[in-house]
Structures are given as structure tokens and as C-alpha cells.
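Read from first to last, the chains carry the letters A, B, C and D; within each, the first residue is number 1.
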Amino acid sequence: MSNPLATTFAGIPFKNPVTTASGTFGFGDEYANFYDLTELGGLCTKGLTLEPRLGNKGQRLYETPSGLINSIGLENPGIDHFVERIWPHLKTLPSVTIANVSGSDENSYLEALRRLNAIDVPLIELNISCPNVKAGGMAYGTSPDSAANLTAKAVAVSRHPIMVKLTPNVSDIVSIAKACEEAGAVGLSLINTIQAMAVDVHQKKIVFDNIYAGLSGPAVFPIALRMVHQVCKAVDIPVMGVGGIATWEDALAMMMVGATCIQVGVMNFIDPYRPIKIIEGLKNYCEEEGLKSIEEIRGILL
Amino acid sequence: MSNPLATTFAGIPFKNPVTTASGTFGFGDEYANFYDLTELGGLCTKGLTLEPRLGNKGQRLYETPSGLINSIGLENPGIDHFVERIWPHLKTLPSVTIANVSGSDENSYLEALRRLNAIDVPLIELNISCPNVKAGGMAYGTSPDSAANLTAKAVAVSRHPIMVKLTPNVSDIVSIAKACEEAGAVGLSLINTIQAMAVDVHQKKIVFDNIYAGLSGPAVFPIALRMVHQVCKAVDIPVMGVGGIATWEDALAMMMVGATCIQVGVMNFIDPYRPIKIIEGLKNYCEEEGLKSIEEIRGILL
Amino acid sequence: MAIILSNEYVATDIYHMKVAYTGNVAPGQFFMVRTWLKEPLLSRPLSVFNYNEDVIEFLYQKVGEGTRLLKNAKAGERIELQGPYGQGFPITRSNYVAVGGGIGIAPLYFACKRIKDKYPRKHLTVYLGFSDQPYMVEAFEKIADDVHVDVGGRITDLVQVSKDDVVITCGPEIMMAALCRQIPEENTVYVSLEEHMACGVGACLGCSREGAQGKNVRICKDGPVFNREVIYR
Amino acid sequence: MAIILSNEYVATDIYHMKVAYTGNVAPGQFFMVRTWLKEPLLSRPLSVFNYNEDVIEFLYQKVGEGTRLLKNAKAGERIELQGPYGQGFPITRSNYVAVGGGIGIAPLYFACKRIKDKYPRKHLTVYLGFSDQPYMVEAFEKIADDVHVDVGGRITDLVQVSKDDVVITCGPEIMMAALCRQIPEENTVYVSLEEHMACGVGACLGCSREGAQGKNVRICKDGPVFNREVIYR
């Protein structure tokens, strides 16, 4: 029998729709001790920037009801290190490696993309939605114009397909999604973290040095699902659903409202095997429902 | 000793800063069986509209991780019923009764406010943020212009002070808060629910007839806290912090980032005594910290 | 906080819990129940299956996360009970017919007991319908005059009522609606309804639905037991 | 899933748990632990206090919600253990000095045991500092050559090291930093650090902080035990 989970995203074949979200999976090595990474549909790298970054100072994590706030601030070894040292290993994986790219200004985004032209990464996730850095990041993702502008330039510079990662911290995510589509994005991923805050009342202080940071985890799933539904109704390019996915039912819900692939983030931390369990759950579902392909349920609730 | 929790909000004295959120407390009667309502600082009525409303059809509640999605859709007996039948009882309470007012268009908002001129309600909460109705509701709350426009007219029509309740479903809550302030609002309350969605994958259907509905509960607290902090930094009028408050520490965090009062919503359902426990907690805190007034910690983290 | 006295398996996915509790409880009323701290967020509504001598009993079906946690609770552990809430079954000097479907038999048992306690000489007929496995039938047999059981069919096909019988029913709404259609208008019928609930006390309007008179009713506060006239046209 | 064998009170807010577990565990390594299903979201890092004969032991302090749930767990109940994770204390043929502050003594006990198991003829001195109540002191006395205890003062004031002594330490960071300042540069010192952790495996970078060489280190993966040179300038 053929693989009912086989999926195509913007022309790229995925053995299944389950990928791991940027920043929650390192560059894969850490989880390679738990299972064979080739079981994944794909994996998104930690957010890469032109220059290496140490990330934010101070406390970086704070637990909330069914959620986690993080203020990592794009700690990463820089794009050259990725190209020279990390990619040679990642490229041997049959899963789709998605390079997540950030920048502090237009030039640093574009130069990072240019350097990625040296390698054959199948898909780029343009992160215009990180709430944890002072410059760049989310700023590009909160208006249709700036999102479209950066996307168009990224598409022009890069020889790789560009998927844009959207921020939920907006009034109208649909207008931004459409702007990115028109600017040439081959796909969209959403949502990045929701801007949030934590206070330590006993110490009378704000937890994060940066004051605000990004909330994710199961708490945000209902919000992510709503936005994926809104966007899938409005665009023709494929969407990766992200945000609080904890179970195969969550993954399925995302696909029923139109997502082509999904990304698992925080739940990797709680259970390293979670993406594999989600794949198993989806496989069983296809069997029980007699689906030849998971595509049969995609978008049925649009 | 004087009452350390005594608070003034827009010139109105509250015996303590703890109030109950609109739509989560009926008109108070249901909770009067549990404790003396006069122990509360204040209470917000269910959202009132000019005409009586039956609210939304179909399933109205859905539980999510640490959250609750509701699609009540402003079921209420109408403003006249409130004025004639409910107010005569409510007005005998020494707690501050806050009338929460919604509408489907400008006229229905303003006419509802006019009819409230007949009674001596101390404070009005103008709800421009309900995600659960097709017309009006959140539509007014997502742009500074429309929010300011409605607020200015409401202020002109009403003989009561107007507090505007803001929606979190926006890119820039500060611009909307400022617009309302300039338009004459005496205070702000935030946040209303976050637009969200639920899917029943087994039945392959969207849970709510209205498709989208409003998320609240502890899951949203970190987002509400962030927005209250942002708004309190930007405006000079007092703010009521709402959204996921479950403990006196949560209430205190809201006040440390600048809230003058707080509202307890979903947690009333889980524990009818929760507002009272929060009041007790704040009282003990003042004692232990030797605060003469809770005002001493207000805004210390701004 | 109350203490669980026992919590036993009755049939596949059906459990019977006893809890130490003292108070006034009417048949048809329910409690909002939780054995957990934070997750799931809401408490769960459970009807009173029985109450006497400072012991309250619940009969419940494991259907999801909340009832799974309930069934895992052990004797001696704590349970939070809020209630009793709602309007129960009116009990008058009449002959009664009780019609239960599946786990809907839970509130009927306590109602039947009270009926026979108060009016032992009045006649009580019980119809119990199950989709695959019957349970608690003997308990009903001990108190009712007649007990009819159906497994796998339609219990409503068996039901016969006489003039002046008061009917009480709880079960799948499709069963109760069918029953109401077949029972003459002259008979009084009380139905016990279910809806998703958050507060249980009438404040959130989450369980509100349109009644027969075009006005909304709150299942938790105005019900869960209603005269059928209030619900069905 | 592992089974809790015992979970006992040791001193105010201090508990000692034994869990059935078989595997390779090095002193200084830790597990991500949870006894609950969903809330709180994250598992909690706990160092190995002892391991032998298929029993792993934890010594932990109740400080918040997670450790409160841990202490409420009973023998026979299940606990989820992920690990062992991280780099432990290097154990070489040397004399050792172990300096523990408060609950920081937890990983030191297992390290001390392994040191004496491997090199029984080498000298092992233990310093234990407590802010108000001492605990587990006898356990250390059974294995170490000397045990010095301080309550309420500064344990670092007592510490004396000789040339070639290897020092291992765990406790409040302010104590460890002070210790590192007072111990001659020639001595090797291993410190065990703490940070808020989400993944425990090096993937989230939540526990990452700047080390002495201007490069970041991840406490969970590159540590929690570090040569002091990597951390302090």
C-alpha cells in the first residue's frame, strides 16, 4: 500500500506532514538520540541570522498555564557556520530541512539568503515574526506592506522557495498572508509566538530583560487554529499550521481547516517522541477511516 | 486602620480593586447565594444591548488547555428590562455596578446609552470588543478611528462616565487605547476575549455555529498582562486589567504593571469564591508588606 | 472538599462513586465535580444517583478526560463538589413512569427512591434502555413496581402510560423527544436535559437554549429538569 | 514510565524519593521528571541523589507547584523520567573535596559514593552548609573521610583544600562563585549549575548562558557540571 501520509508542499515532497518548529528542535542532533530523524516529514532549523548571536541575557523561559514564554532572542551560530558545518550533515537526511532565516534589517536578511544560495536547502522559512529581538523580527510581519516588500526582495535574491512565517500579533493576518502570497511566497507558516509578559510579584520584577517575550504551547492552539483557518480560506499557496499542537487530533484539526503540513514546537520539550506519536496517530486515523491519502480530509472545514 | 484596598477609579471610589467581568457574573444574583456581593469592589453586568437578544445557536462553550472558548453572542434581556427590572435591585448594592453596553451599529449603541441616562449607574463599560456577534462588537474596536469615533459619540450622549473595553485582536492596542483616551473615555478595560476556533475532528465539524468565538481563562493571562503593561505606559486614564486572572498574585501583577482595578472572569465558574479569595490575598499581602494602601505598588513595573 | 468513600467499576466504562456529604439534595439536581486541580479547567456536571445517610452517590460514564480522572480517583482521596444545583423532579402523589436511556438512568434512581419513600402505595413503572450492556437494573427492581429493560432496541417502543401517570425521563435527547411525541398531551412529562456547562449556576449563559415559548432557558438553573411544555412544542 | 518505590519526608520541605529504574547513570546527571499529566506544562529537572541496584533516588525540596505534586506522589504511583541527561562530575584518581549548599547536596552524595567506590584509598572531605536545618548528614558521614557541617553561617569559610585536591560543588550560585574565588587556580573545581529548563537536551537554548570564554554554554547539555574555567573568569 502507498503511504497515506505522503504530502506535497509547494511542489516539495514530504513523507508525512509532520515537521518540527524552528527553535524547538535545534538542528536536529539533540533529538537524533531518541529516534531516527528520517521518520519526520521535515524539520525547521533554529532561526539563523547573518552573524552569530548569543541571544538574550537573563531568564529565558517562564511557564504559564498550558504555555511557555520564551525569550531566547535568536541565539544561533550564524549563517556561515550553518552552511559550512551543519548543512553537510543535515543534507544527508531524507526529511525536508527547512532553513529558518531572520535578520535585523533588510540587508542582513538578504545577505543571509544569498549565502544560503550556496547550498541546496529545499525550503526557506522567512521569519518576519520573532517577538524576541529588538530590531527586525516581528516589525516586518505586522504590516502587509513591509511583509510584502521584504518577501518580494527575498524571493528575488534567493534561488530557493520562500515560505513566510507569520506573526499572530496583528489585527488582520489575512491581509498580511495575501500580501506575502502576491509577493511571491510559495507557502506560509503560522503562527509564531504571541507577545506576552511575565511578572515575578514576590521579587517585584519583570521576568524577562526584554520585558515582552513570546508565548506558545497548548494554550495558544485555539488561536493558531483560527488564524490558519482564516488564512487558508484566503490564499492559494500551502500553509503549515503551527502553534500548540500536542496531539494527532490537533494536527488533524489544522489540516481539516486547510493546513498542508504542521509543525510541532513546545511539545517536543515535554515529550521528545511527540512528533512520532503524531505521525502514528495520523497513520492510524487514515487506516481506520479508510483514507488512501490524508489529503482527503485537507480543508474539509474550509 | 483604614482599608488598604480602597481604590479610586476615574474618581469613583471602589472599596477594593476586585470586580467581576462582564458576562461571567450575570447580574450578580447567581453569586449572591455564595457571598455578600457588597464584598466586591464592583461588578460588570452581562453585555446589554438596546433590544433583548437570544444569543447564538448551537454549542456555546468549548474547553481548551487552561482556557474556555465561548460563543454566547450577547444573550441579554435588553436595556429597558435592565433599567426597569434589574437596576432597582442592583442600585442598592454598595459595590460599584458597571453597565456593559454593546450594540450592532452606532445608533443602537447610542440609544442604549441614552436610556441608561434614566438611572444612576456609576460607570459604563463600552464593549467594542465582542468577537461573538456578526455586526458591531469587535468591528469598532480594531481601528483607532472607529474606536475614537464611537467613544466620542458615546461620551457626548451619555451623562455617565465611559470606560472602553478593548479587544486584544489587534496589532497595536496602544494606538486604540490612546484614541479612546483622546475621545473622552475616563478609563479602559482590557482584554476582552481572543478570537479563537475549535474543531471536533471526530465529527469532522467546526464546534461553533459562528465558526470563531472568544478565548479566555488562565491561558490568556500572559497576553493580557503584556497588553495592560503596554497600555498603562501610554495613557493617563486608569485601566482595569482583565484576562485569565486566577489568583491574587495575578491580580497583583496586573496592578504592578499599572492596572487600577482588575476583573475576574472565567475563574468565577471554576470557583464562585475566587474574587473573595483574591480580595483576601491582596489584603494579606498589604499587611505582610506593610502597605498602607495597595496604591503603593501600582505601576511599580511601568 | 469532600472525601471519596468508594469508586467502583459497574460495567464497561460505567462507575459508581460514593462520597461523604451532608446537605439537602433533591432528585434531579446535580453537582459540579472535580478531583483535579487545574486541568481540565472546568468542573463536570454529575447528577445525584442516590443520597442518604450522609453519603452521596454518582453513577457516571467515562467518556473523556474529566471522567477518566474521576474514575482514577481512589477511596480516601478528595473531591470538590459544588452544588447541589438546579431544579429537580417534582414529586407529587401520582403514579409515575420513569424512562431512562443509558447513563441517563442516573438521576432517575434517586427520583424513583424518593417517589416510593414518599408515596409507597402509588405505582411506579420503570423503563430502562441500554445500547449494549444493562447495568443497575437490580437496584431499580428493588424499589419499583415494574421494571422493563431493553438492550439494543428502542426503549420508547415499550413504554405505555395511563391517564394521570407522571412521566420522568433522562437519556439521549433524541429518545426523550420521541417519548414526548408519543405520550398524550394530558400526561405531565418531566425531561432532564444536558448541555455543556461552565458555571452551573446560571451566570455564564453557556447552557442556555431556546425553549418552546421562544424564550431561552438555562439548563443549569432553570433545569436540568423541565416540564416538557417548556422545551418541546 | 517508572514506579515510585517510596517518597518520604526528610526535613521541612525536603523529601527523598526512590524509583525503580535501570540504566547507566553518572553522578551529576539529572532527569526531567513529572508525576502529572498536563499541568504544569514542563517537566522538572532533578539530579540523581543515588543510584544502585535498579533503584534511582532523588532528594528534593518543595519550592513550588511541581515539587508539591512530586511530594504528594505515593509509593506505587507512576512517574515519568526522561534522562539521564547532561555531563556529570568527572571522577579521577585524586583526593576530593565536596562542597554542598542546601539542596545542592543532592548530586554530591552520588558523586561521593562513586568516588569512594572507585578509589577507596583516596581522601574525601565533605562540607555541607545549611541555612537552618541540616539533613542527610549521616549518609555522607558513612562514606566520606571527613564531614564538616555548617548551619546558618557561610560554609565557604570552613573549606580548606590542599594542592591536587579536586573540588566538586553544588549549591546556590553565590556560594559556588565565592568558593571559586577562594580556591587556588591550580585546583580543579567542578561546579554544578542550575537554570530554568524546558527541553533538558540542548534543543531550546532556554538554559543557555554566557560562559567565561564569551561563548554560550547550555546548562542541560554542556553541563550541568562544568569545569569552573568554562564559567567563571
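Criterion: contacts are C-beta pairs under 8 Å (C-beta built on N, C-alpha and C of every residue); 3 or more make two chains touch, one makes a residue touch a chain.
What you see is a predicted model; the values in this text were computed from it and never measured.
Counted as hops between touching chains, the shortest connection from chain B to chain C is 1.
Each chain gets a centre from the mean of its Cα atoms; the one farthest from the centre of chain D is C. For the pair chain A and chain C, the distance between mean C-alpha positions equals 47 Å.
Distance between chain centres (mean CA atoms), chain C to chain D: 54 Å. In whole angstrom, the spacing between the mean C-alpha positions of chain A and chain D is 36. In chain D, the positions touching at least two other chains are 38-39. The set of chain B residues touching two or more other chains comprises 64-67, 217-218. Interface residues of chain B, counted against chain A in their complex, comprise 64-67, 69, 142-143, 169-172, 194-199, 201-202, 204-206, 211-212, 215, 217-223, 225-226, 229, 244, 246, 249, 252-253, 256-257, 297, 300-301. Residues of chain C that touch chain D in their complex: 37-39. For chain C in complex with chain B, the residues that touch the partner chain are 38-43, 82, 196-208, 210, 216, 221.
Residue ranges on chain B touching chain C, taken from their complex, read 23-26, 30-31, 33, 46, 54-55, 57, 59-68, 70, 72, 75, 217-218, 266, 268-270, 272.
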